[in-house]
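One chain, chain A, appears in both complexes that follow, with chain B as partner in the first and chain C in the second.
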Partner chain A sequence: MNSPLYRKKWPLLIFLLPAFAFLAVFLFYPFVQNILNSFLNISGLGTAAAGFNEPWYHDYIKMHSDPNMATALKNSLIMTGATIVFQVGLALLLALLVDRIKLGAKLFRTIYFFPIVISATALGLLFNLIFLYNGGMLNQLFASLFNTAGNLDFKSEKYFLATMLTPVMWQYVGFYFVIFVTGLNNISSEVYEAAELDGAEGLKRTFYITLPLLRNVLCTCLVLGITGALKVFDLPWVMMGEGIPMDKSWLLGTYMYSQAFNRGDVDYASAIAVLIVILGVIFALVSNKLFKQKDY
Partner chain B sequence: MKKSIALLLVLLMAAAAFAGCAAEQPAGPQEPAPAPEAPKPAEPEPPKTTTLTVVTSYGGDDGNRQNFQNAVSEYETLTGNKVQDGSATSNEQWKAKVMTDFETGTEPDVLFYFLGNDANPFIEANKVVSLDEIRAAYPDYAGNMKESMLVPSPADGKVYAVPSTGFWESMFVNTKVLSEAGVAVPGADYTWEQFLSDCEKIKAKGLTPVAVSLQEVPHYWFEFTVFNNGNSANHLDIPAAATDATGQKWAKGFEDLKQLYELGYLPKNTLTATDAETVQLMLDNEAAFLIDGSWKVGFFVENAADHLDDYKLSYVPGKGERKATDIIGGISMGYYITRKAWEDPEKRDAAIEFVKHLTSDEVVSRFVTTEVTALKNGAKPAGLNVIQQSAADMCGGVTTLVFPVQDLLSAEARADLFGNVKNIVTGGKTAAEAIDAGLALNK
Partner chain C sequence: MAAKAKHSLTHIRRQKLPQLLSYTMLTFWGITTVYPFFWVIINSFRVKGEIRSDSFSIPWPWKASFTLDNYRVAAARADFIKAYTNSLTISLLVTAAVVILAGLAAYALVRYEFRLKKYIYGLVVASMMFPVFSTIIPVFRMEVVLGIASTGKRLLSLLSVVLPQIAGNLSFSIIVLMGFIRSIPVEIEEAAYLDGCGPIGIYFRIILPVARPSFATVSIFAFLWSYNDLFTQMFFLRFPEERTITLLLNEISSQAGVNYGLMAASVVLVVLPVLLVYVLLQKNIIKGLTVGAIKG
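Entry: the complex of A and B
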């Protein structure tokens, strides 16, 4: 450590500067500008601001009276809950099951991971065809199996939540699954052997050995899932567009996009973006606190 | 010692890095230097080529993309100039990009863009050149266009763009569905009452009378139902409030649409379906009527090639003062020359020639099948297929062409108004409430 390379700090700065400059231009500057935009009056993308809003915090007041904003917030919270249960939970279950089999483990790993490599837009189109009202896969299946008289509208108020959540859950299960499988591989086989000698087998082994040793990985997945759920946009946008049905399926991400790109209300979209960041920070802090990692 | 080794390594690496940069040496023994050549007679300088940047909406899957590219190639061959084509599909993102280019000073030399309120920001910023200013230097500019069809800007009343082709909105009918329901193909005297009676017959056969997604594209029905409750003279009036005469006219239009929804004449999933899904009902011979624009003709040609004669163009049923043959249409886009190109002596002529070529009778005729044009001599499209011919016949019977009133609203007001159509038809909001909410956003 006495090498001049470590004693002199300026070469480190040279290597850090490009990345810092990149972040400054493409993250910090737009972020600060976005905060400023949320106080300005901008009536279209690419249009110059026509001064400050009257009052300058107008968009933040508007959020409180906007029913679509309440829907978006509620749905984003539902999405967060569903992520914990169905994405992280299901991924953990699948990883535990795959970990216990010898034959076909690689096949299952590939199959479960596969949805991650397909673009969300392609998945959206795929699920649109599955849930399609006229001639969709599910409606054809129901008609042939149960001889149903009419088609089911999977995007109606009755079913839209399941229709929107299912593909999102399905898409990301593989991501957490791979993290869990890696975590499981890091658990020493000696621990299992010792546990087996003590009579811990089957579910006991899972609950008393595997899960406690997987705690840190689980915490990481939960933090990632909770914070990531706020940003979900592409798949719901392709499938549910402008809040289908009856403005019931808005998420914070889709509502922000619609305001900016379809309505041209750039300042309101910026205010929603600020809210998403604030919620993201709060969620990250709370989840980090709740799921604190432990040293073993 | 370490330092000398390090220095040697650095030198070696530098030598390796620059090895590839050495100029190529000819193989074999070095030849003697050639004797000096006799001086050649001076060649005439090639004509100076100018590179124009052009942005249009003839990108992506636009039906006229190939026609545009061919016209650009012809221009390049004729003039020796080059065109940097930045065309893309027209949508809100494309509009935003065009506006951003003007804001940041990277606008193109020639722009094919909308004529209405959408162009106000760059017209107000004096970023494009008016026709009067151009004609002062080039008197024959846009000389082949009907003066009455050169659209003045809502910003200052001056004409800025040379129109290319226009559009119409009317009613496509599926003749197979109509015949199955025992309904005659609507004619030029089609009335709202006849339409309701026909819809009932079609519905009784288990078919869908009207293909429309109220969730995504209620735009065309809004335009015609409002027109049905007014006339061509007052169609372009914007209400100040839902309670004034124009506001009440709009409310009646929405009520007509609500009536169709309540009578079950729209697709069962009209509140959740996309436009593509409801149009598919027409292709699958499950729906009878569709109101859409001239651009939809190409869609049927492409997607129903094997049963194209199942489709015809007719008129949207008339009501009150509006005859069925009074339709929505006009010219919505044209070629602008930016001030940046105009003030560049190298680009001015090139830009003028480009617009002249793209708006010449011959080139415009290639872009047109049945659309409206501003050409004095009219377009002469050739080789029309059955649906295009039907569209041409429909256009031939048009008595009045009125611009869509929705184009005079701001994007936010329009989005809010149409976003509320689903609430109006289901009773979640009254038409008056939706109109007032939309007007409040009309900046």
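Entry: the complex of A and C
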């Protein structure tokens, strides 16, 4: 691109400066400052630091002995695994099914995608009503179906994990579904016709033709899902708040918020945020390596 | 064509059972997506006490279980109009700023050749990976020092949310717009240049009109992201008159106690407008939220 039109460089400044000033002030600078903050001693949001921690990496040692931190890390990893299996897996299954039907594919797409445009806060409230101990939707359903006597406590130590994960999985299946359907539509019908001549039909066709051709799309979805799982906050916060039950349901995001806002340990919160970034980078690198895009 | 028709005819005969199975499973997931919304709508019209014992029947207006009380209570106890005004103010400002800044930056990054281009582009891509957790605390401190956050003044507080949200959306929008602007043939611009039009004029008279669909995509994404975000808003907005829709819901979920009718009505008041917009614009919305994922 070197048209005479774009040889004079001064307009560049007008075009680029506003956006990059914004990025520098509200993204790059805070990002670096946050790493620095994790070595400082800050006792309140919005207040200045009172010197370095003693030793400066104190918060990172604290993480090792903090049982809530272990819980948060474990739950975030479970969230990541569940995202791969349930969000991406279920979406792939549904997309393969919708690829086989003649009518109504658009309708399913519209319906499945809808939860994504709804704020997770509203969904959290909705699921709180569904999982309510005393007379929630599920407990009423179970009572009428199985005639069970007692109510299930969905936020107890036994069930809290499923209660926290289900709405997050449920909300995002439609997102990956749409990406898969777009990928499936890009496979030309000639490939299928040729496959049919060779006798590949039904499940054989799915495993030997469709899935290999869908590889790149699948990789994109996996990378998105894995890196996105660390950022989940709204739904678990509205449903589980401060680690209900008994500090068992913390995620890295919710624990970081609680440390910054409710417990006033701002530098510890910064250190947790740094950990989230490091994990995110590792996840992205590993998944990019594992699911490397191929050109056909 | 004839060959194709014959092909699908044999297909239909052979695939009747799998088709039926596909429809069954797809419909099942469709129901799990739609029914929770339907359930919360019917229960928002139900007499308070009955939600926990008989939540599956439809409270038709002529039945004794029908009531509008939940909406009356919601209107009396929570200022939904104020919350909508706050939310829309924030989201519209974010959307406008993102479209203006990202458009100019994307145009420059595509059309100009300059020394640092590669690094600047790399910086934009990398900053998409910054989770909001890792920048929010320094941004908060900075805005307190600048006198934007925690002032108790409503408009300033709204601005304190708008600024980091703009930064959070910029990189993604730049990448999406770059993809589109790259596909516009540069010859049109060169012709305009020969007619005496400068790069700024070209941006407004050629790029902007031609790239309108992708600007729509970016605006939808920025708007929904900002509107649904709970984390940033919880950080910056503390006072009742600054409350946005998501904060209001979060408040209701922790303070409504056992008033489940109020919760159901509040969810409906938040979901319904989005549902209407979604039905009208669903094609653009679905594209808006997935295009970046596929390209990026």
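In this text, the second predicted complex is superposed on the first by the 282 of 296 C-alpha atoms of A that agree within 3 Å, B and C clash if a C-alpha of one lies under 4 Å from a C-alpha of the other, contacts with A are read in each partner's own complex, and residues count from 1 in each chain.
Keep in mind that, in the parts below, contacts are C-beta pairs under 8 Å (C-beta built on N, C-alpha and C of every residue); 3 or more make two chains touch, one makes a residue touch a chain.
These numbers come from a predicted model, not from an experiment.
With chain A as the common reference, chain B cannot sit beside chain C without a clash.
In the superposition on chain A, A:Ile244 makes contact with chain B only, while chain C stays out of contact range.
Applying the stated contact rule after C-alpha superposition, one finds that A:Asp153 touches chain B and leaves chain C untouched. In the superposed model, A:Phe20 lies in contact with chain C only, and not with chain B. Within the superposed three-chain model, A:Arg263 lies in touch with chain B and out of touch with chain C [touch as defined at top]. Looking at the shared chain after the overlay, A:Leu132 reaches both chain B and chain C. In the superposed model, A:Asn34 lies in contact with chain C only, and not with chain B.
By the touch criterion stated above, A:Leu12 is placed in contact with chain C alone, chain B being left untouched. Number of chain A residues touched is higher for C, counting chain B against chain C.
Judged by the touch definition given at the top, the superposed model places A:Val191 against neither chain B nor chain C.
When the two complexes are overlaid on their common chain A, residue A:Gly46 makes contact with chain B and with chain C alike. Superposing on chain A, the segment of chain B with clashing C-alpha atoms against chain C, chosen from 22-30, 40-48, 94-102 or 238-246, turns out to be 94-102.
Put simply, chain A uses residues 45-48, 132, 134-135, 241, 261 to touch chain B in one complex and chain C in the other. Contact residues of chain B toward chain A in the complex are 92-93, 95-103, 121, 215-216, 268-269, 271-274, 277, 280-281, 284, 286, 410-412, 415-416, 419, 422-423, 426, 428, 443. Put simply, chain A touches chain B in their complex at residues 43-48, 132-135, 150-151, 153, 155-156, 160, 241-242, 244-247, 261-265. Interface residues of chain C, counted against chain A in their complex, comprise 4, 7, 12, 14-15, 18-19, 22-23, 25-26, 29-30, 32-34, 36-37, 39-40, 43, 51-56, 100-102, 104-105, 107-114, 120, 123-124, 127, 129-142, 144, 149-150, 163-164, 166-168, 170-171, 174, 186, 189-190, 193, 198-200, 202-203, 224, 227-231, 234-235, 245-246, 249-250, 252-254, 260, 263-264, 266-267, 270-271, 274-275, 278, 282, 285-286, 289-290, 293-294. Those residues of chain A that touch chain C in the complex are listed here as 1-6, 8-9, 11-12, 14-16, 18-20, 22-23, 25-31, 33-34, 37, 45-48, 90, 93-94, 97-98, 100-102, 104, 108-122, 124-130, 132, 134-137, 140-141, 144, 170, 173-175, 178-179, 182, 189, 193, 196, 201-202, 217, 220, 224, 227, 230-231, 233-234, 237-238, 241, 252-253, 256-257, 260-261, 266, 269-270, 272-274, 276-277, 280-281, 284.
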